[in-house]
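Quick one: structure below, then a few questions.
Labels run A, B and C following the written order; every chain starts at residue 1.
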Amino acid sequence: MKIRLDEVVKTFDTFRAVHGVSLDIESGELVALLGPSGSGKTTILRMVAGLEYADGGRILFGEQDATDIPVRDRGVGFVFQHYALFPHMTVAENIGFGMKVSKVRRTKAEVAGRVADLLRLVKLEGLGDRFPTQISGGQRQRVALARALAVDPKVLLLDEPFGALDANVRRDLRRWLREIHDELGITTLFVTHDQEEALDLADRVVILNEGKIVQQGTPEEVCRAPATAFVMKFLGDTNRLRATVKDGIASLDGLTLDAAGCPDGPADIYLRPGDLEWTSEGDGVAATVSRVIDRPDGRRLSVRTGSGETAELDVPPETVVAAGDRGVLRVVRMRVFAA
Amino acid sequence: MTRRRVLPGLPLSLGITLFYVGLIVVLPLGALVFHAASLGPEDYWRVVSSARAVASYRVTVLSALAATAFNLVFGLALAWVLVRYQFPGKRLVDAIVDLPFALPTAVAGIALTALFAPNGWFGSVLAETGVKVAYTPLGIMIAMSFTSLPFIVRTVQPVLEDLDPTLEEAAQTLGGSDRSIFLRVILPLLMPALLAGLSLSFARSLGEFGAVIFIAGNQPMSTEITALLTFIRLEEYDYQAAAAIASVLLITAFVMLAFTNLLQARALRHTARS
Amino acid sequence: MQRGKRPPRVGDNPAIRRTLIAFVLVLGALLVLAPLVVIFTQAFSLGPAGFARTIGHPDTRHAIMLTVVTALIAVPVNTVFGIAAAWAITKFDFWGRRFLLVVIEIPFSVSPIVAGVAYLFVYGLQGVFGPMLDSAGIKILFALPGIVLASMFVTAPFVVRELVPLMQAQGRDLEEAATSLGASGWRTFFSVTLPNIRWALLYGVVLCNARVMGEFGAVSVVSGNIRGQTNTLPLHVELLYHDYQTVGAFAAAAILTVLAIVTIAAKVLLERQGAGRASRPALAAPTAAPGNAK
């Protein structure tokens, strides 16, 4: 099912949570809504589900206007952040709930058969008689997913699906969710504040800030060509060096860099720690090492430039370097944004 | 533009609620206020400031203050003992604390009177030392203490249970004595709950009727509480006076309610979490 | 040797500990337990036969009946109201929500006498509806309806007060989940909400019932105290007491005391199921307890 959001607006009391968001999600796509807290991502997800009503704009499921269809009849599967499993029902009863309350009559055997299938799908065979409090967090997450899938939803919506889990469990469940998605081919939208999770899992990432979409695209597009300084900073560690741009050329401590398209005036140069190299001499920004930080996969240098700005860069672990060493930062890649 | 709500049932549930609250709570109290107001300012003042009424306020307020002060000590000790110590019969004591809430006030009234009457178990012993309880303000105080005891225990107890033990430990590592830790760390943390319990206890005492009238003696000007005076005016078919005096009790109750809510809001502001 | 022992906390000093426990037990025995004992001692002071004579008297039987009938009407009505109010207040955001809750709690702070007087001014002859009702031949005051109404006023907050904090803490996720799975409103309430509030609901109902059956002040104003007609059991206790039928008064009181004891027992059992905790006022001073954070 293809989903389209058309200039959707949501205001809470006086606070505008979502400012005219338009978004197309193709049938069978797995899309991440990524943003910091307060960026409106959960509100958008809840509006798609029908758990909030939009104050303006439209939400379309296929060709049908779903904006005012109540959540009961919208046919979405929603996985809540804290799962919202019914504590007084067993795992099997939780999964079967949607089928029991459905307008479509099913026999007990049909429900039981489908519940068994779903338990198998989420690899929880044999746990159907347990209560939610008797299983682990990762298992609860899978029950919540099975419960949402049981109603054959047109679209699957997940709110911070891995937010409450340990790092290890989180990684496994991520891969597994991707597999289930590929197997069922159901249009899926999930919310996260974790860039790694979004990039790892999604076909397409929609980055939000302050109720607006700042960029959307494949993981490659948003990583390689961040549209704004916000996206650049939000996706990972960055260094910022101040520069001035004139006629498409940025100058920084005597170094000139290509800044085509950037207006004249003060600008910020953003670099990832891997975008810099450490050399003893050559073209680049002169700097002094202030600290060497060793990590399992390499070495990170904390340096201070000639103009007094600080930066961090990654070097191979065998690099011979110590605090106090002087050298040059060579710029391999960078992005310039007007300040 | 008003959109539909996500969960169903607001019109029905709110409709029932407003209808019921309107009919059962707001309408009668409004009628009472209206009736008292229809007296006119001069007559109203004459009724509520009559010597007998003022004497009833005096005995009611003083007894309620004494009862609350007594419960401050007894209730705090009870809460402390129930939370901090283990001893045989503790669960029974914990359960019995609720007796004053569960026991009908009239039953409490006649039971306390039987105990403290001059020929009663306690009354006869006290009479030898020259202390009279029944039919004196002291009796009123005891009846009020009895009915309002659970308020302080039940507001302080959960807070004391949930008190972060590391705060106490921190004070110990800093060299505090038991006495100073209790006074400077524990008591301030209990204060919002304690104040709320005290104001609930005081409010309840001011309005208490059933438990008091049996033990009070009910002599005008000395042992007649305000609630009883209201009742007497009714029996005399002096409805205007009854309304006026009842309105004084009502206003006092509202002031106490506002005060308690203020305390609650203040306490919640401190504990506000994201 | 301190080994294996817990280091002492504030107040663990044995002398303080013993003094405090003794203080509390002695005062508790004198002030709370003694009244309980005296009721039964007096009730049975003429032996079981004397007790039975009072209980068997038609007026006492009628008072018991009237009390039970009052509870049978007032408690279910209050329960429905309590559920409706808690649902409206906790599942929706609307203007004046907090104020509504304060208004519902007013009966807790108001003297029962004030409540009784207030009802006179609505349904009495000098009241708002009184003359109208009188000409229509409907009797509210000094009859069962007045007793029921006054009881409902006094106990209006009981169920709400138990449900609101609990349902607030539970949030709206479960209901939203059920609705997103296609359940209707009633279905959501009966199969998702109700099972998770049942103990708190029962707790509120038990306390409400105890208060309805034991209410004295408000009912004594509106009932008219007509022996054998509008006397509830607590009013009957007073009547017998003032007639110097002390044994009879205590025998009737003993029935109410048994009710109180049953109520407390039910309360303890329900608290073991987790009920009652949520309604304790959230008045804790700031104490961040990291161990309790979930």
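In this text, a residue touches a chain if its C-beta (ideal position, glycine included) is under 8 Å from a C-beta of that chain, and two chains touch if they have at least 3 such contacts.
Please read these numbers as outputs of a predicted model, since none were measured by experiment.
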Just how many steps, at minimum, does a route from subunit B to subunit C need if it may pass only between touching chains?
1
Based on Cα centres, what is the most central chain?
C
Between subunit B and subunit C, the Cα-mean centres are separated in Å by 15
State, to the nearest whole Å, the distance from the C-alpha centre of subunit A to the C-alpha centre of subunit B.
55
Roughly how far is subunit A from subunit C, going centre to centre by Cα mean, in whole Å?
51
Touching at least two other chains at once: which residues of subunit C meet that condition?
176, 179, 184
Subunit B residues touching 2+ other chains are 6
For subunit A, residue numbers touching 2 or more other chains are 50-51, 70-71
Contact footprint of subunit C on subunit A as seen in their complex:
49-51, 70-74, 76-78, 80, 82, 84, 86-88, 97-98, 101-103, 147-148, 150-151
Contacts from subunit C onto subunit B in the complex sit at residues 9-11, 13, 16-17, 20-21, 23-25, 27-28, 30-36, 38-39, 42, 80-81, 83-85, 87-89, 91-92, 94, 100, 102-107, 109-115, 117-122, 124, 126-128, 149, 152-153, 156, 172, 175-176, 179, 184-185, 188-189, 207, 210, 213-217, 220-221, 233-235, 237-238, 241, 246, 249-250, 253, 256-257, 259-261, 263-265, 267-268, 277, 280-289, 292
Over in the complex, which subunit C residues touch subunit A? Could you list them?
173-174, 176-184, 187, 191-192, 195-196
Subunit B touches which residues of subunit A in the complex?
50-55, 68, 70-71
If you look only at subunit B, which of its residues touch subunit C in the complex?
5-10, 12-14, 16-18, 20-21, 24-29, 31-32, 34-35, 74, 77-78, 80-81, 84-85, 87, 89, 91, 93, 95-108, 110-112, 114-115, 120-122, 142, 145-146, 149, 154-155, 158-159, 162-168, 172, 178, 181-182, 186, 188-193, 196, 203, 206-210, 214, 227-228, 230-231, 234, 239, 242-243, 246, 249-250, 253-254, 256-257, 260-261, 263-264, 267-268, 270-271
